[in-house]
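Below you'll find a set of structures to go through.
Both of the next two complexes hold chain A, though its partner changes from chain B to chain C.
Take a look at the complex of A and B:
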């Protein structure tokens, strides 16, 4: 396949940035999207130009490091995958592909397609944990049975990879799906009950401080989420928040 | 320097308890005066950082990713072993210990492995308390499954994302300490040297990967949880950024590197499809619980498949060769990884590979789908003879067990594994070798510790499935936090370590010079050009089957490639910015040295054991014909290499392995 790429180039956080056109040829439909970018970068290096910077690591859809806003969609046109699992067979010979960074006030661009998502970490520092000591002297793991459905739902919420696609897809740049997933995981488990009130209050407070927008129930986040994190998690967080607020 | 493993005296079951009772402690007030650096935030580094901070030490943690949650432990799929015996199938600490030593082909240190088995149950308790959502049964208790090389069900799991859930558990424990200010977290930082002052590890030099800034960080001890070096093969299941640099710098500063040639080639990975490929994807070993591995019995069928004239589903049962079940009736599809990988290679080398490249075998779920489907039909009171219904019900069960893996496979290969068997082939996955450590997990440099995959101690020459997660968390949560106290007890009056010493200066200068070289060198080829070449040499000559000729060639080819690299490497951009090519150049430079030591180690070890298979050391007759031939008389030792300026000049030190609690015998899975 031969493709035209329109890629966001931005030298650093202070640079204004612009779209730049590139051509790539002989792209195999079996390549992943990032392997296609590897081909472009090899081409640029050999010409003495600077390669396009993008985040990536595991390349199997689990680390959450890769991002990219491809043809107007976080992680591109396929569903239920991250950019590293998006394959070129989703595109046609002669296509023009627009590649931009995840955009949000809380995700400033570092370089080209690389953004700073440390706001997500700070939300987790505020309450994304259960306060047990890592001593190994806890009770036996089977001492508290957990209803299988609750355990499965908690697991589904916990499969969030923290990539930020939900924020990038939201017209308000809201992080509610990300925060809702963590709040839900612990809200569904007996271990998480003890600190439930403080957790949801602290995490939401930090989320607001980071400059993420509000949720207006559009649902784009759920559609674009590579892990299929459900909107139910936002509803559950809202209910946890309401409960916590009433408790004071 | 002679190697002292510092294994405590006494019966094996009492060693760890006695050791803990006898080592020095640091009182809580004094812990506040002590700094510890942790490099890497995977299961080992993350759990160690969290626990050390919780104990009261001031921790500085470093990762090259943009968040500690992204370390490659996150990609571990299948599960974590623990001797809980929840299934009542006869499991015990001793059995887990025995299986691990045997699985490692009797090349691990007994005392370390026993301790690992001993703390394994605690790991599960700990993780559940943290809110890790393990799979459960309908009664609400934890579920288990089986992994290779064992005859019990002791593997705890969270669908095909166990590593993710455990790492997020460790990450949450870290977050709690980051929130309290006890861990200072440095994301997007790469460690580029260890600083040794008066013979003790006292800090590191890092590069901020966003700004390019070179920084000095001091501490009273340095812990490396920096993972393995599988990417020396270029293509592996490791993350793109996984590298040997931290461990290799430690090696160059005096830490011995142990058993570099022990590498795990995992049997079930998606086969290589072309030259564009940047990495390989694992299909979890847990799939071998339900998947059956086979190739056609008749070479005509192989040909027809390759030419697209025949589908695997059209081959009759009697014309299939379930070669693992045939060769290893006792363990069948659940033989250890090294055995399964070699068996796949043997069939493919004989011409029975089922894809265009001739390097693939089938992993088939059809019989599991039927079995589960019938069970479901029975439970639901439906017709067990309705084939379509049974298939549908069976596929649903498979989906709940392995859904994410099947989806991953379909996205990559563009075939539906519910309908047609998966194609798989072995790929580099894990490195059992690593920095030599004593019982306290301390390297040969005082104050420098190595944990998780970065050390060598627990898996011998072959790691059993679901044991890497166990070891990472055991080291980080339950072993290192005790043993490091014994060392740090002498540092309570030392006070903060200055970063102004000549040692820090010299280390920083070296780092800067190397970076300046890369960005100024006017070479012809990209970093990847060299990395791919290195990978090809390693895979072809130091891979699944090794011999004297290939290894000797590899050593000289790697040396020549390294020389070319230093002349011709081309790194665009500057030093003071986000520059991934620059980061890669440093990593590949270290791989080019490690690769040679790796081949040298493989050449010196004149036996076959675990993942190290020498074609010249094979059983020639009897029941075990064709299997690996170990030489306990001459090679029952750890090969620990000391750096002497060049990989070729590395000096060998031997730690003889003593087996008091397990009888050394030939590993049989038949």
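Take a look at the complex of A and C:
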């Protein structure tokens, strides 16, 4: 496959940045999208040019590091995959592919396609945990009965890898699918009840302080999420927040 | 409760509550208007009651005005805030791949509904307030002693341009409701295995009520 790539290049956080055109040839349809970028970078290094900076780590859809807004969609045109799982067979020979960083005020660009997603870490620090005594007397989690439906829903919420595709896809740059998942995974379980009120209040407060937008329920986040996190998690977070607010 | 309206979820809930109130109002407005098709006398009597009963005029009407103004202002405020959350736009964005046109353009459908509402107020509400509270005529009757409400309604729908304008307004109302109805329930946390039926009901409401208003406008235009 021969492709034209239009890639966002930005030297550092203060640089204005611009789209730059590149040509790549002999790309195998069986390559992953990141492998295609590896080919481009080898080409650039051989020519003595600066390679394109992009995030990646596990390359098997688990870590949530890879990002990229490809042809107008987070993680590209395939569904239920991260960019590292996106195959070049999703494109046609001769295609022009736009590759941009995830855009949000709360996700500032560090370089080229790499964005700072530490806002998600700060939201997690604000309440995305349970406090457990780990002195050796911890009760086995399996000893606490949990309704099967709740366990399944909690597990589904916990599959969120925090990649930020929800924020990138949302027209309002809202982080509510991420926060909804992180609130839900504990709200559904007995272990999460003790800190439930503080958790949702603190996480939503931190989310607002980071500068994410307001959710308007377009559902784009759910469609683009590589882990299929459901909008029901946002609804659950909303009701958890209302309950916590009424408690004071 | 302190500070709830300063939070993103608090604002969502406030928008949803005002939307619920307006959707109930639209339903009762439709229920009264459709009477004009089946029974002009009943329409006159109900209109006179609605226009003169103190609880409706001095309690519910101000609440309604507040609800409308709040919903519009909050909608515009949220749009401005959301625009600020992404300062650099994408060079290529394929919004239609993951969301409906209605959900992405609530500000536009809402804006057109606002223009329609202003025209609607000039047509009906301002003259009504003028007759009752400035001229001081609370009788609700014409010089011949008959109720004026049905005659005024029919008279307004004589010009085809006004009928077309109203039909267009109702199309935008349908587009707004097609996303807004279920969105409001999602905002207050009602999206789970117990609320699956709401989606179908919301679509039916969003299409049938505006269609009903269009029918009323066309009926009076072509029957008089």
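To be clear about the criterion, the second predicted complex is superposed on the first by the 245 of 248 C-alpha atoms of A that agree within 3 Å, B and C clash if a C-alpha of one lies under 4 Å from a C-alpha of the other, contacts with A are read in each partner's own complex, and residues count from 1 in each chain.
Following the convention adopted for this analysis, contacts are C-beta pairs under 8 Å (C-beta built on N, C-alpha and C of every residue); 3 or more make two chains touch, one makes a residue touch a chain.
As the structure is a prediction and not an experimental result, all values here were calculated from the model.
Contacts of A:228 after superposition: neither chain B nor chain C is touched. Contacts of A:219 after superposition on the shared chain: chain C is touched, whereas chain B is not. When the shared chain is aligned, chain C comes close enough to touch A:171, but chain B does not. Of the two partner chains, chain B is the only one that A:148 touches; chain C does not reach it.
Measured by the number of chain A residues touched, the leading partner among chain B and chain C is B. On the chain A side of its complex with chain C, the touching residues are 6, 8, 19, 69, 71-73, 77, 98, 100, 103-106, 169, 171-174, 176, 204-205, 207-208, 211-220, 223-224, 231-232, 234-242, 245-246, 248. Residues of chain C touching chain A in their complex: 1-2, 4, 7-13, 78, 81-82, 84-95, 97-100, 103-104, 106, 179, 182-183, 186-192.
On chain A, the positions that touch chain B within their shared complex are 11-12, 28, 30-32, 34-35, 38-39, 42, 44-46, 48-51, 53, 55-65, 78, 80-81, 85, 87, 89, 110-111, 114, 116-118, 120-121, 124-136, 138-142, 144-148, 151-152, 154-155, 158-159, 161-162, 185-186, 189, 191-192.
In the complex of the two chains, the chain B residues touching chain A come out as 47, 50-51, 54, 65-70, 72, 74-75, 84, 86, 119, 122-131, 133-142, 158-159, 161, 164-165, 168, 171-173, 175-176, 178-179, 185, 187, 210, 237, 239-241, 273-274, 276-279, 281-282, 407-408, 411-412, 414, 477-478, 526, 528, 570, 572-573, 577-578, 580-581.
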